[in-house]
Amino acid sequence: MRALFFRDLALALRAGGGFGLGLAFFLIVVVLVPFSVGPQSALLTQIAPGVLWLGALLACLLSLDRLLAVDWEDGALDLLATSPLPLEGILAVKAAAHWVTTGLPLVLAAPVLGVLLNLAPGGYGVLVLSLALGTPALSMIGAFGAALTVGIKRGGLLLSLLVLPLYVPTLIFGAEAARRAAQGLDPATPLLLLAGITLAVLAAMPFAAGLVLRVNLR
Amino acid sequence: MRALFFRDLALALRAGGGFGLGLAFFLIVVVLVPFSVGPQSALLTQIAPGVLWLGALLACLLSLDRLLAVDWEDGALDLLATSPLPLEGILAVKAAAHWVTTGLPLVLAAPVLGVLLNLAPGGYGVLVLSLALGTPALSMIGAFGAALTVGIKRGGLLLSLLVLPLYVPTLIFGAEAARRAAQGLDPATPLLLLAGITLAVLAAMPFAAGLVLRVNLR
Amino acid sequence: MSLWEYANPVKFLALSERVMPWLWVSSAVCLVVGLIWGFFFTPDDFRQGSTVKIIYLHVPAALMAINAWFMMLVASLIWIVRRHHVSALAAKAAAPVGIVMTLIALVTGAIWGQPMWGTWWAWDPRLTSFLILFLFYLGYVALWEAIEDPDTAADLTSILCLVGTVFAVLSRYAVLFWNQGLHQGASLSLDKEENVADVFYFPLLVCIGGFVLLFLALVLYRTGTEIRVRRTRALMAREAKLA
Amino acid sequence: MELKVTDLAVGRGGVPVLAGVSFALGAGRALVLRGPNGSGKTTLLRTVAGLQAPMAGSVAGAEDRIAYAAHADGLKAALTVSENLQFWASVFGQSDIAPALAAFDLEGLVDRRAGQLSAGQKRRLGLARLMVTGRDVWVLDEPTVSLDAASVALFADAVRAHLARGGAALMATHIELGIEADVLDVSGYRAAATEMASADEAFL
Amino acid sequence: MELKVTDLAVGRGGVPVLAGVSFALGAGRALVLRGPNGSGKTTLLRTVAGLQAPMAGSVAGAEDRIAYAAHADGLKAALTVSENLQFWASVFGQSDIAPALAAFDLEGLVDRRAGQLSAGQKRRLGLARLMVTGRDVWVLDEPTVSLDAASVALFADAVRAHLARGGAALMATHIELGIEADVLDVSGYRAAATEMASADEAFL
Amino acid sequence: MPDLGKYADAVLSAYAVSIVLLVAIVGLSLWRGRKVRAEMENVERRSGRDG
């Protein structure tokens, strides 16, 4: 398991790919927002928490199709499935590696991008906290979606469609927490709900994903 | 040329792929926006033109990696390159087919989604016009990006990173026109500039894309 | 003797070995002298206070950020027209340096903006253009990294550099149209007429010189590294064929 | 323990391919599957390896004893030879990769990235993986593809050593390996079109 | 007009593979390339077809006369057999696809989607494409892969007819087709390591 | 040390960030240059030529 985790990290870091690109996409989306809604800083302040959450979500989404598809194409997934590791564990570990290479950098970059969007000063802490709480759920749900679409050629867009509705609750609570904090309100309730969702997803989703992947492997 | 155009259309329409997915992505992004920035309708009205433009741009972007990669993988691109059709023509036609299957539906769907975002009544006409003027440039620039990344395995995210900065002028003028119209201002100048960019892109970009594709084929 | 002689990697390496020590030393001297002069021995500005000292980093970095891209553009053109490998590799070598310069300009600008404009960041055209330039740099480097075959990568990145330049200029006009700026605003006391007589001006010149020299040294050194990577690759390919 | 396949029916995409296959494979034995392209060898091997469910019949004694090697090697181009092998070793709870490297003559390549190997070298690395699994039963799908004669001999030696240690091997191959083995020609087990024991049964 | 290759050097990824290849191919003639795997046949054919630039030497008389068929067929799984063929016909400015369908025994399959064809049928469709290009010089890379004996005979007939019409054919193949043809063994032209006529020359 | 007044934080952090970035790019360049040079010399020695 640990070997798998570090292999996935090494692969993401080497091999001109994956790592960093998600971050770049996040940056670009955030930069494009003022171009499209206009440069008034009051307006930007108002929508900043939502835009940051949505951008992080989209960046996370777009890197999902590498999560399993590469291993599927080169046959490594078949070999892993015949190994002593349980399929659920494999998926959980892969989701964890995905989070470390995608979610974590997004969390760390969010405050910097918050500056670009003129985020209210009170909002930074809770924004980071809510992203840190929420993105693991995004990765795990994404692993489920990747398992669903693993056999489909160029399934990236389909994957997005399947996964986005599943992201809605996480997005709502996460963005709500960040927004409340930015407006000086108390973000405790949405943060608790967000943590609850993430815990539930982390506990249950690997099994659903394992089930789906087992069907796809046959 | 005509045969290629209709083949691309037929392929997009059949075969559980491409067509419709871009539209669905657009829909989902637009639906997620109120979840992330909150439901106050005045705020939504203010950002509606920008969100619609940004959503259309992202939807267009995500379908780009199918533009050439599929033909590359199954060898059809090699065969097309040895055919009497000029490579520039092939790219222009493929961009046109991409626009018809992606850009056009987005243009037609935008007013409906405008309702969801509480777009100001005066904004609909110019929004549609600006999208109709701007999306062809998005497709053509995208074809250039696709030609750049055609040989790269899972180049989707890289494609986004390369293409998005090139989309900036189009986005700025397009969103500006839509925003001005929604605020009751005169959108003529940005519309003219947008049309100018589109014309220049359509005239010059096929050659750059052809050059790049030729390099990639060898 | 034509300038193109130095397009030969061996000649280039020989030349750069010879001039590089001078470049490193002189850039270090200029930077140390300029920055110490600027930091310790210039007065505060009457309106900006001590923040004016940021200028010794901000302006040289901003200049080099643009000029690095310009140098890459020229090198790309040379590669496309005359196909000198050193030229393509020099463009590749300059890009990360350009990224760092852009970052310095952005960060020092942001730090300066907080006391001067009351905000870290504003969507001012100048600043926005820099951000877009930063994105172009990122895409350029990512494309180099992604392509295996070095000559293909050189061709593709060169064309991207050309097309990107056109779009960067277009973006600049679009951004100017989109928002009028703060950057040239009244808060700047360094207007041409006042021009802060020499007190600020000379150390600034020294710093700019230091940045230019540092850029040259870095690009020469990194180009040498890229040439050695290519040479290693060629040797290994030959080894593999002999085996 | 013996690997025992009883009256097995296997299929692809809901269509039965082979039916009524039975065989047993004891310790120290090898069994070679033969049959023309598309006759169902790969499908049978995948079923035995547990990657797909049988349509009928049973596979006994396979649980956690099988090391499977398929057409694709599952190598990561960005990792070196030793990193690739080390990864699979730790997945299977082993640690020593030296014997595997030695058996497939990979010692000179340990620090080369897998993406820079030739096709034959890649294949050798894929086969070396079998030796770090520590599993008894090797299930091999056309293991000698793209190997030259010398490498085929290395492979045959490795299989013989594995059998001598009490292992077993089940493989599909078109060429003669010079290993003493039983042969099963799968073309005799082609599923008749009427034997739709599949999920679509209800619609027939 | 003759296809004339003079002192050609070809390479992959900047590494020269073959050097000093010369041959001429007149109307009505066929030339078969032979050589072990990885010897550079595909690379040579791609260069002749104009898909990659030669590293040295020249290819004359190829301009707009070549129909190329590679390992991959370029078929669209979602289109039917006749749609696939019709598409290529119109790309090459032809219109009648009936002779091509007849020559490769595809008439019974015209309305089948290409994705539902067997591998051999797909290959036949890929070869039928050659007949709707109206081009003189067929450049074929292992055309008989996955064809059974009867289809190989169909293909040989098609090539013979093409030659009789004054066409020419250049192909890489491992099997004997029964077509009267010259043979060129590319293994004799392996580029020596010193002949780095490549882009990396400058770095050696 | 000159008196930076109320802007000390801004000025000092600007200098700190810039110098860190400059040192980083120089350091990375030198490190990679060394590594590549060693690798090349290694390969050159192996291939027994010095051209």
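As written, the chains take the letters A, B, C, D, E and F, and residue 1 is the first residue of each chain.
In this section, contacts are C-beta pairs under 8 Å (C-beta built on N, C-alpha and C of every residue); 3 or more make two chains touch, one makes a residue touch a chain.
Remember, it's a predicted structure, so these values are computed and weren't measured experimentally.
Chains touching both subunit A and subunit F: C. Across the two candidate interfaces, C-F and B-C, the one carrying more C-beta contacts is C-F. The centroid of the Cα atoms in subunit D and the matching centroid in subunit E are 35 Å apart. Between subunit A and subunit C the centroid-to-centroid distance comes to 34 Å (mean Cα coordinates, whole Å). Taking each chain's centre as the average of its CA atoms, subunit A and subunit E sit 47 Å apart. If each chain is reduced to the centroid of its CA atoms, subunit B and subunit F end up 41 Å from each other.
For subunit F, residues touching at least two other chains: there are none. For subunit D, no residue reaches two or more other chains under the stated contact definition.
Chain contacts: subunit A has residues 17, 21, 24, 28, 35, 38 touching two or more partner chains. Residues of subunit C that touch subunit B in their complex: 132, 135-136, 138-139, 142-143, 146-147, 152, 155-156, 159-160, 162-164, 167-168, 170-171, 173-175, 177-178. The part of subunit A that touches subunit D in the complex is made up of residues 2-4, 7, 10-11, 14-15, 71, 73-85, 217-218. Residues of subunit D touching subunit A in their complex: 49-53, 64, 66-79, 83, 86-88, 90-93, 129, 133.
Of all the residues in subunit C, the ones that touch subunit A in their complex are 110, 119-123, 131-132, 135, 138, 142, 145-146, 178-179. By the touch criterion given at the top, residues 16-17, 20-21, 24, 27-28, 31, 34-35, 38-39, 41, 44, 115-116, 118 of subunit A touch subunit C in their complex.
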